[in-house]
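One structure below.
A, B, C and D are the chain letters, set down in written order, and residue numbers restart from 1 in every chain.
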């Protein structure tokens, strides 16, 4: 089974998800600068989610470069990942339109947490069909970043009810950690 | 005629269909947990349809791996399949927003029934241009799953008016049957 | 310059156009069969446009199979075609929501006319960079279908104000003419 | 690292951006010609942005034909470009629905300015990993068009508050400058 169509379908879904979020930036009624003011939190949440989905695309791209074969389980693990990422536009809008209040910030974290878990499962499903000395297995290694992200999301979700602003900053921190693409794979493949 | 663009176009349409459904998860006005409650049936119908379209993509992927040539009839049989699948977001929303009432549940079944029939026609159109001993013909075999699905949809549609809940469970049953990708093709190709 | 990305971009745009039209099938408020009744003309116009865009994709697919090279003019002629096709969802909805009244039916015809003209220009732009004895030139030949379509649209547009129903039937007639994919190209390439 | 998926993902995002703008052409209530009149500025801004995004796709296509390798920085420079282009549908609608008033016209210019800057950064990021005598470096050359565009946008933004109409004409002027695809690259590659 070739990985080409899985990559093409994932690219399509991620391209649509990253783009339809902009539809939530509803065109304001007035033509003054003040008409844009209520959109600032919506724009902030849009930007944050654009970066997160960009990170997922980048890591997905890096991951599948090291993949040599796929099977039916990988197709479903990938579909599962796309399902949770597809909910990010919803949680993004809810958070943005409610100016980063507690519940929306917590649900945003849950959608990130589930996406992170789904990515983790996808990686494990791929490792299960690659030998232990494959470039994929070497490149993934201990997967520190994956564990740190899930830990930070786990902290941010309850924290939303104490300080939604601080919880939001934890999401930004995760984005910064992942901003640098998965150079482990890049380096291993370059050898 | 090469199958590459047909696969790319189908991937594009299926990626868009699976993603625009999330636009029906309308962002609620309040920022409390209770604001999300009316969305539960909408979310349930979204999840069910996400799985169904995921199944169609998976089976389409498996099917075309075994395909060696296409012609003009295949292009139209494929377009016909995409037409009926394109109506699933509509029937999904109608069912979700009306909390799984009789008519919406019946129409959801009709959209699945027509999609299933269109897939069946696509498979026959492909078989017509492949020899009887081709990997495609061997892999498809008796197509038990296809017949069972159509039988369950046929039962679920009238059943919607007796118990919409039970009819919905039949849809879930079909999803579970198809969840396992078409290993017939996978196995035959692996030989 | 390779034709691969032009095909991929066109596939993407056509896939989105054909799919977003379904968003105009607004989910009705009621859960009865009668709630669907006002959607019948919207559904009819959706189906007609789905077939038209399917025809454009099919013909685009056939056309570019015979293409050996492209240049900057082809890129723009193709973009020009996509522009007019991108307006079809708008004219489709206007026609469907106004139950096939005169002006909407006329404007639907104009969007088809301009798309047909843009396709004609694209074909000429391609012929200009292919030799007269190329498979493309032989396959296109006299382009009878193209001329007949433009003639029927030209008749249908003023006719909309006499009988919008009859004008709509002319659109259906054009769809039927084109329904059979461009076998000229298929046959010439098969030689 | 191969450039294939970066091109595919960019094609997908640009195809969606160029197409979802048409959703802002809201179907009018009436079925008369007069019902379309308020849509004229919306249609004008749609057409202008369609051309701009068409230009970006064309230039992106030409640019990556000369690219021999990419790295993680290129992925992010490309994502940064897509981010700013993704805001064009929003600024387009705001400008169109407010009939080209001062602030919306200025913000439209800002979204073009940022997209232009992001394209400039993408080009520099690519040049940094290609040798000085590579086809890419030779083709880009002095990048006069890029500088002229940024200069015209810089003039148009403050000018919006003096004469929004004249500022809009400057945007049209930039579109005309870029309309001719980047023949520098075409010529250099043809050698």
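In the analysis below, a contact is a pair of C-beta atoms (placed from the backbone, for glycine too) under 8 Å apart; a residue touches a chain by one contact, two chains touch by 3 or more.
The structure displayed is predicted, hence computed values, not measured ones.
S.K.: Regarding the subunit C and subunit D pair, does the interface count as same (over half of residue numbers shared) or different (under half shared)?
M.R.: Comparing the two copies, subunit C and subunit D contact each other through largely different residue numbers, since under half are shared.
S.K.: Relative to subunit C, which chain has the most distant C-alpha mean position?
M.R.: It is A whose centre lies farthest from that of subunit C.
S.K.: Rounding to the nearest 5 degrees, give the angle of the rotation that lays the CA atoms of subunit B over those of subunit C.
M.R.: To bring subunit B onto subunit C, one rotates by 90 degrees.
S.K.: Rounded to a whole Å, what is the gap between the Cα centroids of subunit C and subunit D?
M.R.: 26
S.K.: What is the distance in Å between the mean C-alpha positions of subunit B and subunit D?
M.R.: Their C-alpha centroids are separated by 37 Å.
S.K.: Considering subunit B alone, which of its residues make contact with at least two other chains?
M.R.: Where subunit B meets two or more other chains at a single residue, that happens at 8, 12, 15-16, 20, 23.
S.K.: Help me check something: in the complex, which residues belonging to subunit A touch subunit B?
M.R.: On the subunit A side, the touching residues are 1-2, 5-6, 8-9, 12-13, 15-17, 20, 23-24, 71-72, 75-76, 79, 82-83, 86-87, 89-90, 93-94, 97-98, 101-104, 107.
S.K.: Spell out the residues on subunit A that touch subunit D in their complex, using ranges where they run on.
M.R.: 7-8, 11-12, 14-16, 18-20, 22-23, 25, 27-28, 31-33, 36, 47, 50, 54, 57-58, 61, 65, 179-181, 183, 186, 189
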